[in-house]
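The following pair of complexes shares a single chain, subunit A, combined with subunit B in the former and subunit C in the latter.
Moving on to the complex of A and B:
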């Protein structure tokens, strides 16, 4: 085999069969030809970053390509399997392969939404509005349901009337941080997807 | 997983129960196929439904859902009756030789110590016969003593004959015997089997004991701790592993330390009631010895200067729950009017259930609900779901737009415990904010309210460490460093949890991650992968020690001292885990002191994390029995052939009954068919209802109906059908299939119906449906009951009726 590295070989693969066909399967020619074609790829000149698939816990590594456009906006161009990973060796399932449609979506919630008790619709509100209200709710519910000492005289310092659930989509560090904060608020009802 | 994805290629036999990796974990499944294609491994798939996993398996067993304890029990009995166990391993590396004290007994489906009025066991009799002088367990290495674990176990499992197993599981006797023969060969030292399962195997009232059954079988065959072996849970969400490790779970603190209990006043009380106790002179009891150090270092990390020796390192800052506070309990408390507020992040209670209609009632009983998610969920929208009068729902609801995984950095931990760092690829879309920034900001506002207005016990809130450059915007890199922990004297990052102290001079956020982020940098970012296999995987075993970082201490196969024999040689030299080279242990990162000579009479036993030092065939760690026992699902069409008087689990917690609510369980008279639920390749739970390509691939909700049953009801593929349970209904399309079929169980014919879980009243499909997906929630059918140990809901075995609409 010529001196192309595995990564270069993959790029040749990406460049398409036309290069190989045009060169009559002459592999050396194909390398030269593909170098030119690569300049036209959607990911040409893109920034290459690493991620991990957001779905099941096989932990397939992803390569993500981005480019900063002239308006300063960062555009996500492509997500594909990372060929270096000992876990997935570049492969992805239908979910991982369409991860771009999860990453960038017109269906995203664009701003904080608030629905008052009994209201029949959402209201778009500011972050300050929701964060203040939630902080007040947490304090009120904590103070109303806090048990400092149980019936046997044991110090238990627990908040019985607030629960927190979630986390399987958190980065680990976010999950740890949530545990640290929620336990310090006295929560005992703390759960995520492990049981369900 | 005790092992990891790539390691499955090292197996000779792959036993898969209930799981469907070819469809639910397709890319991980390549390692199953590598084992089959490269080394001729056999795959045995036991599942109610013939799936793509079955299609490439060497043997497919159609099993009745919820009966895997009997299936494993039959395999264990086969191994014991025919002396096919790994003799040296069983004598030396398990508690087979330990003697059990008089008083332990099992009769007619009940273990000793049962209290019918509390539906619970007093487990005092489930313990070892100890030597009065040393306090250690008595042992009989000949395994002949009738009170030895080995003999008690042999007696317990003798009831699981092939005929009995067949009558419970529905697996024909001949098919079962063929699999038993294959499994029996795996006790030879040069053979190794892996057991692979997913969360579905835990979704039974016997869920914990199902998993234990597999572990018992693996210990008998000498397959724990070995490459190609182990108990391997394929986890279902990108970072469910990492966030279990970090204890978003009511009963633990980070690193699987128990949550303290009422009555414990000091660290010493806590350790005495929580840590494993040494029960053999050669047991190191590493976890038990260090339990207090891990706890104190965590408290010091959280409460800093406020955690001092004189105040027991702020032990009273940690809440102490009165009783179970798990997933179903949250909604049970809400139904009772005792839960005021709920925060949900990346998780939708309304779809997950169980008993979604009851859960939605619980949401309506809350004062306030906060949903943090990138996309709308069935929980954020529950108050105006189809058929709901929004004006009547008094819950105050907040929907906070959170960022996606690709808009932030941080690590994801896969099923194999590999913690892989990811980059922030793109900036947040719209006004979306990171979950941890939202939580940090809320916390700071709560703190300000306590500071200005006072309130109940603000001490833990006031003194919580927040050593971040911006307290409302902590960087995940800063938190990763914190999790690793540091030496407060030198300021250096800790390199191993073995160096953590209980005097307040060290910190950690989660001791099992100590060693992941050193002064030299973040090891989770490492990328020495298959671009250079010779350099990056020198043993060829697939450890790839320079790719990311795995807990604990970058070990790739847990309990790996058991991969070597008494002399430290690999059981199979072609597949070494760790081996003794005369001076030290080499290979994988040893789960053992690196230079402990195995020939030293004082050498530690192989399993350093429990008090015995050996694997537990008999255990008092479960609330429903020291040995697994088959019980029928709460809803079952047949009585338990082993003990009809105690047919279902006698200790499963019945929420509705305990709360005085009406019974929501059905009987076979009204609901004659067994149902189970599962995922499809193209969807993951509910979030993919927002992904156009995936909705195109699997656009509409359906149920799978066995052809024979469909025939009797005149149902054809594409017809609309109603599947109902005592709790609710789904109205979806029928898919008539031969993948499911009639089974003979306890002498009668039973049918199983399959229900994919993915649809609801939110998403692209629902938007284009006239009813807006009103009756699409699969978990409207499932029962509000769970495993006695873990309270995992019984999602996978319940009764329904089926009608053509």
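Moving on to the complex of A and C:
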């Protein structure tokens, strides 16, 4: 947004109002009163952006209303269905309609939670800790349950002690990557929640 | 599904809204008082045209003979001083039929000519429908009225068909008040559709996020939170590419809004847009 000092702002306002009054039909009282109101308005520029609901495979189109604050941070202010989309024609399901909570919910969990064996509660831990822990558990389970050959001597190379479930918010690319990764570990139990 | 408004509902609704905004937006009272008086003339013109059904080729003569005198009467009696003096000057120097014809032909006109022609012809075109509107000049593309080729005066968002649905955007014609659907994130002035070029100016506190809800429209049915916004349902939609703007009325967030009237009364937003170097796609009936 352009910035102006108070003096410049008042000058601009008076100039704009004068131009409007000169070009108009003589509603000078309305212009004068409106100029006072204009100077009280707290207006900010915003943008509307296209997006797609992340929750399920229908792929409903969203309109995201964002505003850049004075500190440069972009604030998400509103999400609604895109009325021009042939997919959802402005409609959203109850879950999609709350998509804004993904970004702004004060109850959003912002760090990984870990409950140690035997512990009674969760504690916040770092991503490094969690990634290491998951890797260790995967390796331990895979080593313990890996089947190289079946009862008939056929080579199968499968990991029977781990199952994988993909989340509904996966994109196609994430789903493809997850499948490749899990198959490379020998997993055979793969499932995907592809709907709400 | 909403029931379609009848012709008389349209004028009743406009009068009702003038009364509401007159009480709520005192800064626009001078304009709304005059517009309220003009509405009576326009409603009569609408009813007469609906009854008489003048032929399309006689439109300019019919409007000049039947409607212009009434518009002049109310304008000279109740209009602001500059409007009165310029109208007197114009009807002394040019036949009103030429003024009306130029508006039909889409030619450049001074503000007072536009007002006279538009105030008189508008309700007649509204009454006669698409056949009569075809005589008006102008492109029939998506940036212009499909009926008469006029420029869009405003855009508005209808309430959606259900609670969690966003209604489509529509444009309203400055010449005949027909409406047509238009893409939400596209400039009605030049067709620009890059989000980075399309700025929206609205008051703080008017989005659902600022009103404490993650779901647009969820607050419907409960008392709205007061954020002190004067125009909680009106915003400026501006284009950095063509430097034009228009006002957009969200009827979903204020179901009592009547876009034609609310647009006229939002003078502070016009001032704001013009201060930032934007020009309205076409001035409204009152020249703003």
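Throughout what follows, the second predicted complex is superposed on the first by the 129 of 196 C-alpha atoms of A that agree within 3 Å, B and C clash if a C-alpha of one lies under 4 Å from a C-alpha of the other, contacts with A are read in each partner's own complex, and residues count from 1 in each chain.
We take it that a contact is a pair of C-beta atoms (placed from the backbone, for glycine too) under 8 Å apart; a residue touches a chain by one contact, two chains touch by 3 or more.
Since the structure is predicted, the reported quantities are computational estimates derived from the model, not experimental observations.
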Have a look and say if subunit B or subunit C is in touch with more residues of subunit A. B
Name the contact category of A:41: first (subunit B only), second (subunit C only), both, or neither. second
Applying the document's definition of touch, where does A:76 land relative to subunit B and subunit C: first, second, both, or neither? both
On the A-aligned overlay, A:165 touches which partner chain: subunit B = first, subunit C = second, or both, or neither? first
Just checking: does A:104 make contact with subunit B only, subunit C only, both, or neither of them? Give me first, second, both or neither. both
In the superposed arrangement, does A:50 touch subunit B (first), subunit C (second), both or neither? both
Subunit B versus subunit C as contact partner of A:180, first or second or both or neither: first
With both complexes superposed on chain A, which partner does A:91 reach: first (subunit B), second (subunit C), both or neither? both
Residues on subunit A in contact with subunit B in one complex and with subunit C in the other? 49-50, 76, 81-84, 89, 91-94, 98-99, 101, 104-105
Per the contact definition, I'd like the list of subunit C residues that touch subunit A in the complex. 26-31, 34, 79-84, 86, 111-112, 115, 157, 160, 162, 164-169, 183-185, 195-196, 198-205, 207-210, 214-216, 230-231, 236, 267-272, 274-276, 286-288
Contact residues on subunit A for subunit B in the complex? 6-7, 49-62, 64, 66, 74, 76, 81-89, 91-96, 98-99, 101-105, 107-122, 127, 130-139, 141-148, 150, 152, 154-181, 183-196
State the interface residues of subunit A toward subunit C in the complex, per the touch definition above. 2, 12-13, 15-17, 19-20, 23-31, 33-38, 41-50, 63, 65, 75-84, 89-94, 97-101, 104-105
